[in-house]
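You will see chain A twice below: alongside chain B first, and alongside chain C after that.
Up next is the complex of A and B:
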């Protein structure tokens, strides 16, 4: 299987992670042929999940398709890179029905367009007009500071670190004063 | 101590020197009835909803205090916002709260409703519930145990009995303020749509 993948899909990036867990990195245009081949010839009938990793420095998204065969209990991870600006790929929903909702989720969270997916409406967000929230250029804290109000702290709220430092200094001073008084008393007694 | 009809007579006449003198006797009686039978809407948001079943069932048995569940918002007196509150949930909570009939009370559980809790930097969770809906009683903790919930209920009962819990009036009086805050996070259309697009889109499942 591996030699066939290497020859047909022109990739050296086939990795055996452990027994029954393989990973391959392929070019985007060859991905779907590979998926069809794995499904039809090697019994990878289950698409477990589609995940996306945002490599903002390199300027691309890494899409990972995880497929399983129950016949031999093997898992295949197929990784491909797509450009970040375009964020455009083909849908897998004609091969696997479950891909429809996975792609809908990725479209919502990363803004990736899946050509051929019939419903890419928002899944868990509602009326979201800002940057897709899981893209790394989306600054969550800045968004929260701009859009939401925080509760002010209590009036008697104190910086615990500074306060404990101050209390410790007072205690130390008291201790030293007591020590000095004791010593002076001793000296008086001796005299 | 007077008991029986003597007590009732005293209540009906009203004691103008007591601390409840701002209430007339009818108000006092109404509040007394209200506080003895609190119907809580069977509705939970966030993780705090998991503390409600033991509160209302035999282990902690809130019914001995007159607190029990109600099936629909029209029949309920109290709504519990139990935990973090995302924009999407907030829409539903507002719709549910506005459907409830007066007098209605809102009990907020958990630190998420107080100041965002562990979701303080989440883009999709509101931080202060009282900006969007009037809150009668906060129960803090993450999560509050059923004991704390009961304590919150007892405090709420006390406020109801004294006639101080009047958040629904506050909501009506300051509706512009609440609506403005709601629109700031939810957009112009605050009410949720009834469209069930999860499973009923064109050419769906």
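Up next is the complex of A and C:
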């Protein structure tokens, strides 16, 4: 199977991650044919997940399709790269029913369009108009500071560095005052 | 009964819902025509949060991904980090992890029993189950310092060794459980009220279960003997003797029978673990412990949770932060692909019953 994948789909060698877990990186245009081959010829009937890793420095998303065969208890990780800008790929929902919801999840979190997926509506978020949150350029802290307000009476909005500096100064002043008091008491005792 | 078409929301504030989600139901009379799952009530963004934290900081939040069953998350996280970093844990730590995971499985099954019985009004069973689960939580409190979120299965081993006499207390609990579980058969599993409501309801076929990636009791109740502990053994499961219970009817009752049989198997596994527990260290010395770096590589690890296969995809980028962590539990596919189709044609009164039988944990969808 490994040599057939390498020859037919012009991939590098299949990497054996551990017993029963394999990984291969395949060009985007050949990915779907490889998925069909694994499903139809090698009994990889189950699609476990589709996941995405954002390699912003390299300008691409790594999409990983993970498939399992229950007959041999083997899992294949098929990885392909797509451009981050206007990221899009074909939907797998015609082959696997569960791909529909997995793609909807990735569409929401990374903004990837899956052509052929008829329901890419919002999943967890509501009226989201900002950068898709799992893209690397989305800064959680900046978003919170710009869009959320802190309730009065909560400690969340304290600048922790300034606050610890203030507390250290108070402690230092108390220590010095105690020291002075001790010294003056000592002087009085001597007198 | 009127034929008027109405739409109602089942949840998120509903005692029959399994967490923070809702199902929008289109009804004619009491028969469901269309079901649409909605989540978004508990989105905490864990997958994003871990990208900003070091490996060890990320460890503290993964257990919060699924409230009823935090330990499979800890195990997956630790196993993924160890695999990427090439760490090998000690045999004693592996046995302790199995013990924690099986106790956690038992606790989660008790919680399921409470929910499943409550969904048809057998509230006494739920009260028994919650009380018995508490006995397991007492042990967790002693072992880890926490009852629910343990933060115990740590990359490199487990956070601390067993307290003195702990295994003896586990044995005492197991002896109690062996007697106690039979009483649940009388009041719940063999109860005519439950059988009447559960048999023939929420039926799933084997072909559909395999093709759509359903896992756990949903798959095993259709006659598929699939269990990660047997199929892709991790920790020390290979050296332990246990069976994978299956049924063939594929309905709510079949899934309940599988779960009940699995509780016996967990007790059996725990008895072996208590006997076989080796001596030795529980934590290896980790290199650059606080600023631990993961190489640029990725992996896929999975364990068998109380609700089925629970997996993590993890990618490192050579830094001390995780580049990507995806949590893949049973809930996303079960709550959408499965529940939305299974409810069509079902009665309104069966929604909570069916949902509880599928092992859906909404917090794990909005991870």
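One rule holds for everything that comes next: the second predicted complex is superposed on the first by the 149 of 191 C-alpha atoms of A that agree within 3 Å, B and C clash if a C-alpha of one lies under 4 Å from a C-alpha of the other, contacts with A are read in each partner's own complex, and residues count from 1 in each chain.
By definition in this document, a contact is a pair of C-beta atoms (placed from the backbone, for glycine too) under 8 Å apart; a residue touches a chain by one contact, two chains touch by 3 or more.
Quantities reported herein were computed from a predicted structural model and do not represent experimental measurements.
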Counting only touches as set out at the top, which of chain B and chain C does A:159 meet: first, second, both, neither?
neither
By the touch definition at the top of the document, which applies to A:18: first (chain B), second (chain C), both, or neither?
second
Please work out whether A:102 is in contact with chain B alone, chain C alone, both, or neither, and reply first, second, both or neither.
second
Once chain A of both complexes is superposed, is A:189 in touch with chain B (first), chain C (second), both, or neither?
neither
Please indicate which partner A:143 is in contact with in the superposed arrangement: first for chain B, second for chain C, both, or neither.
first
Considering only the touch criterion stated at the top, classify A:118 as touching first (chain B), second (chain C), both, or neither.
first
If you count the residues of chain A that each partner touches, which comes out higher, chain B or chain C?
C
So, does A:29 touch the first partner chain B, the second partner chain C, both, or neither?
neither
Look at A:151 in the shared chain and tell me whether it touches chain B only, chain C only, both, or neither; answer first, second, both or neither.
first
Quick check on the superposed pair: does A:126 touch chain B, chain C, both, or neither? Answer first, second, both or neither.
both
Go through chain A and flag every residue that touches chain B in one model and chain C in the other.
124-126, 133, 138, 140-141
Chain C residues touching chain A in their complex are 39-40, 43, 45, 47-49, 51-52, 83, 210-213, 224, 226, 231-232, 298-300, 309, 311, 313, 315, 323-324, 326, 328, 332-333, 336-337, 365-366
Interface residues, chain B side, partner chain A - complex:
87-88, 91, 114-116, 120-124, 126-128, 131, 184-187, 189, 192, 197, 201-204
Please output the residues of chain A touching chain C within their complex, sorted ascending.
17-18, 20-21, 23, 45-49, 51-54, 62, 64, 66, 70, 73, 75, 77, 96-98, 100-102, 105, 109, 122-126, 133-134, 136, 138, 140-141
Considering only the defined contacts, which chain A positions touch chain B in the complex?
118-119, 121, 124-127, 133, 138, 140-141, 143-144, 147-151
